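Down below is the structure, laid out as structure tokens.
Naming follows writing order (A, B, C, D, E, F, G and H), and every chain is counted from residue 1.
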Amino acid sequence: MSKPFVAILMGSDSDLPVMEAAFGVLEKFDIPFEVKVTSAHRTPEATHSYVTDADKRGCAAFICAAGMAAHLAGAVSATTLKPVIGVPINGSLDGLDALLSTVQMPGGIPVATVAIGKAGAKNAAYLAAQIIGSSDAEMHQKLVDERRANAEAIIAKDAQLQKDLQQRNAK
Amino acid sequence: MSKPFVAILMGSDSDLPVMEAAFGVLEKFDIPFEVKVTSAHRTPEATHSYVTDADKRGCAAFICAAGMAAHLAGAVSATTLKPVIGVPINGSLDGLDALLSTVQMPGGIPVATVAIGKAGAKNAAYLAAQIIGSSDAEMHQKLVDERRANAEAIIAKDAQLQKDLQQRNAK
Amino acid sequence: MSKPFVAILMGSDSDLPVMEAAFGVLEKFDIPFEVKVTSAHRTPEATHSYVTDADKRGCAAFICAAGMAAHLAGAVSATTLKPVIGVPINGSLDGLDALLSTVQMPGGIPVATVAIGKAGAKNAAYLAAQIIGSSDAEMHQKLVDERRANAEAIIAKDAQLQKDLQQRNAK
Amino acid sequence: MSKPFVAILMGSDSDLPVMEAAFGVLEKFDIPFEVKVTSAHRTPEATHSYVTDADKRGCAAFICAAGMAAHLAGAVSATTLKPVIGVPINGSLDGLDALLSTVQMPGGIPVATVAIGKAGAKNAAYLAAQIIGSSDAEMHQKLVDERRANAEAIIAKDAQLQKDLQQRNAK
Amino acid sequence: MSKPFVAILMGSDSDLPVMEAAFGVLEKFDIPFEVKVTSAHRTPEATHSYVTDADKRGCAAFICAAGMAAHLAGAVSATTLKPVIGVPINGSLDGLDALLSTVQMPGGIPVATVAIGKAGAKNAAYLAAQIIGSSDAEMHQKLVDERRANAEAIIAKDAQLQKDLQQRNAK
Amino acid sequence: MSKPFVAILMGSDSDLPVMEAAFGVLEKFDIPFEVKVTSAHRTPEATHSYVTDADKRGCAAFICAAGMAAHLAGAVSATTLKPVIGVPINGSLDGLDALLSTVQMPGGIPVATVAIGKAGAKNAAYLAAQIIGSSDAEMHQKLVDERRANAEAIIAKDAQLQKDLQQRNAK
Amino acid sequence: MSKPFVAILMGSDSDLPVMEAAFGVLEKFDIPFEVKVTSAHRTPEATHSYVTDADKRGCAAFICAAGMAAHLAGAVSATTLKPVIGVPINGSLDGLDALLSTVQMPGGIPVATVAIGKAGAKNAAYLAAQIIGSSDAEMHQKLVDERRANAEAIIAKDAQLQKDLQQRNAK
Amino acid sequence: MSKPFVAILMGSDSDLPVMEAAFGVLEKFDIPFEVKVTSAHRTPEATHSYVTDADKRGCAAFICAAGMAAHLAGAVSATTLKPVIGVPINGSLDGLDALLSTVQMPGGIPVATVAIGKAGAKNAAYLAAQIIGSSDAEMHQKLVDERRANAEAIIAKDAQLQKDLQQRNAK
């Protein structure tokens, strides 16, 4: 069986700078991914064709980013039974509109919603990696290792802070 | 040419009690209408087929009611170039989620959004009547007459209130 | 009969940069339009005179833009039985005040509300075109064609993105 | 000169139960008042006529109650230069829509906004009494006396509570 | 009797740039005013002394500006029976915290709340002028005249816009 | 390898009536599940032990339900690298506090958030099934079949509605 | 030195049913407390006298409960340098107004704010106990013991749930 | 007994510029403090170890700053029975997410929440000083003195303003 991949869909190419945070995480875990600019409203047929095709080709999870009345993740979730992750983009109202449009889905058509903006873009990628890792022990181990490295980075930042504070107090 | 009609779509049959307020207004203006329970997410193909067909059969305007992450009006607007009116239903968060999911549409795919709940259901029907009336002088005149009657009803309520207050003061 | 036109009303000339997005859309569809700076509160009589006159001269739809306690669209809807489209302008509170003041109209006086700001300005014009198109087959066809062109533009953006990503990966 | 009076306007007779809290306060201060059911949107001309007439007859302040996209106070403030007090009514969204539609008025057309619902209805009457009292020493004294009585009522409630708590502890 | 004056209180001198919009309006109507930086929380006694004294010296209305948990207007209203006008300042949360802290007063202690920020500062001054004008025919006439001038200014802006649009179309 | 199971954690046994909606969905798909009442704050060690143990025993996904400052899902996500699904419970503020506390997670610790309350409880179960189905073709097929059945149920409801409306019109 | 006590202030006796949750917690820890109905706005002098006196008599912490534009905690914090704990009461807008009016205090006048309503009333008492416990080892130990007991109660509830579920499955 | 100290924890070193406002206040009162960058989610064990250790070493109060789904203060409060003060940081949604995640704690695990951002950082330090001062008469006196100095600073600002206004009027 071919390696599973992640499909990242964006309602507009203006979402690209936010979603690049997801690319970096997926690359870190060596997860192949595709990126597609397609709109639930303006290119519904292209969206439908792409999702149906990606689903058949072994897509493990879809990541969908959209702002305002963010319907893209919901529309994709209506098309596939693979897990769909929604990233609300801050286009107006601080992203509250996109958050509610993404998360408040009716029973039967779930969207796994993450935080608004860049933090959400990152976590969408982590979540996709966890979904792949739930049946792939090697991927799961990579996640365990990466989290430990992350913790160590914070501990290092704290160690640096302690030094800075000591110097400040020494003056 | 056959008489234009209005199509009323609801995401769930639980929206029926709210939307009956629209039926009454349309009946008052002798506007034929169809009612359809269909979901943007759970029956996307049935929704698409119905809208495409209704559009061809002379539907003048679509009224779409949905709650939570209310995508129905947006999905219908993506399918037709007829005017689409969205009624946000209060399913949670006092209907704020449905309002934002309905009104915050991206450029090119408009939804004419009205108030949350029953007031919105009524106004969706009035708006549909105004759209038909914009090219149908007889319908327009009906709207003018009905508004005058409405104003008179409020003036009558005020007259009754003045009597009630006088009686109260006379005591 | 003379060609129907659209009237665009603004509560303040500071709304002009936002509303120019509507001018562009109407020009694309060759829909004649008038622009008027007039206030529901500061020039109520001028507003009333203009709307009554425009209504008689064949105005097909009114587009009203206002911020804060945005009453302009409601006041116009109280004066005419033509469809009235409301564009909430972000003057404070991210435009939430203008949105609620525009959309939450009582039964009988509808305002077809669109998104806050520029996306709403565009969609107000699209909606006006759809209203005209509901009884004008030629206009309706223009809308169908323009939407197809829009879809193609997104598909072209996606094609460009695929190229960019391939180059990036090739490095 | 005839005694100044207060005019209370309501967008709907369903607001009457809330606004009766204002009647009680005005009666306590022997301030004559008129009550009018009239709508900014459904009976704009009747509203305009009434306000213009009341203004000439010596109305000292207007109290306007409305829910949802509450435009009544704003429309009255656009018609008169007497102080206009707005009471937001909770018709939906916990009254947040009515609050923002009432308070966020543009420069030049002020509305003196008070709390949502019954507390606001009371305070509208107190504020009207204060406005009359600002040039009427007798009224001002009544307000001073009434506030002292109110304070004593709270102190009495506290004294009762202390007794209740002592009894509870004695058990 | 000496001429009535308006007292403007600010919780912090950082509110000065916003409140200068009120100074201009009061100067236009030749209304004398005092300006005081004083805090409900940090200088409660100075606030109390000033308000009690200003009240006795003939202050017609108090204007109180504060941000965040804006208690200044409420504290002043608890000290005087003169009308108290509250201006919510945007210090955080777009000023929603200041708005709710100012407007949601309990029965018996009213605060006449106006819009958040500069529009509110202006309207606080207009409202104070209306309160003075409610028993001062000359002031009332000034308000009537100024409003007419304001309306003419908007009509002039519209006339200029019509010229601009014609030139644009002529090209 | 033993069959993967789902662990459902609740911050309080008062969340049980909402979460039973998830049990039904999991039973429909024959997915084994465990239910645990445990609190991020009141029993952090019990929570940690249970999650670590369940993770080792082959738990495929964790579903965490909590209200107010809903930290349970976040705390679980900090303990395991398996996918964690968060269900915000409406305990106050219509559940907005629980939604934001669940979804706004920092980068690296994702929570797959679903809708507030019962719809979210259902979708948490669907999402867990999709995660299992992403590497289990049989489960995936069950999801495909169940969605088709769901669509047919809506189409049947619509058919019934058409009959009801015909009867109503026939009268 | 006499035993430190806690003073509980309420803006209205209608807050009593919510605040009784605090009484229970304080009684569990044998912390003496006083209860006072007093208003920041309606009885500012009585509030000031009571707080000054209680402060001198050895009050360790003040708990202040109020709804709407909840200024009581802020006013008390302006009067004393003892810790002041604020409990927002849900009187309108789901308590969001009381929360923001309580928590958003300017620098120098802190209010230790807890959750809206009953959970907040309980936590105000726990927090007061922790403040006393910060210099009273016996009290601190009581808190440690009580928390352990609380954890055991949750573990017992979970054990009961496991039994219930087994019985259900056995059927 | 050694002098009690305050522990300041931050979820991220990006919170440092905001929290430096707390350092200044603590230094003014000669209160020793420690600063720690540690995360509830990314370094839960380091957080737990540090808090347990600081608690034993005589920490009088914990100040915890975090943004978004701000769980740090809650996690610390679950670990210690010392008072825990939460500072919501504005990372998104104007800090409303962090405020609700911090303040809406369930009964038994209190977090003393202060304002969003810099004002909150300051007040966290004042509150910690008040907690120490509740059993340390010298510290309490420092707080009394500092508040008087603060009041005098505001009075001096007002005196300066009066001079500025006189000069302006003299022109």
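Basically, a residue touches a chain if its C-beta (ideal position, glycine included) is under 8 Å from a C-beta of that chain, and two chains touch if they have at least 3 such contacts.
All values derive from a computational prediction rather than experimental measurement.
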Co-neighbours of chain H and chain D - touch as defined: E, G
Repeat of the A-F interface, chosen from E-H, G-H or A-B (over half of contact pairs identical by residue number): G-H
Per Cα centroids, the chain farthest from chain E: F
Between chain B and chain H, centroid-to-centroid distance (C-alpha), Å: 51
Intercentroid distance (Cα basis), chain F paired with chain D, Å: 48
Separation of mean Cα positions, chain H and chain F [Å, integer]: 37
Shared-contact residues (touching 2 or more other chains) in chain A: 39, 42, 68-69, 92-94, 96, 103-106, 108-109, 115-116, 119, 147, 150
Chains grouped in pairs wherever the two touch, ordered by label: A-B, A-C, A-F, A-H, B-C, B-D, B-F, C-D, C-E, D-E, D-G, E-G, E-H, F-G, F-H, G-H
Chain D to chain B touching residues, read off their complex: 13, 16, 35-39, 42-43, 46, 68-69, 92-94
Chain D-facing residues of chain C, complex: 11-12, 39-42, 44, 67-69, 71, 74-75, 77-79, 92-93, 96-97, 100-106, 108-109
Sites on chain A touched by chain F in the complex: 4, 21, 60-61, 81-83, 85, 99, 103-116, 118-119, 122-124, 126-127, 130-136, 140, 143-144, 147, 150
For the chain D and chain G complex, residues of the former touching the latter: 90, 94-96, 115-117, 119, 147, 150-151, 154-155, 157-158, 161-162, 165
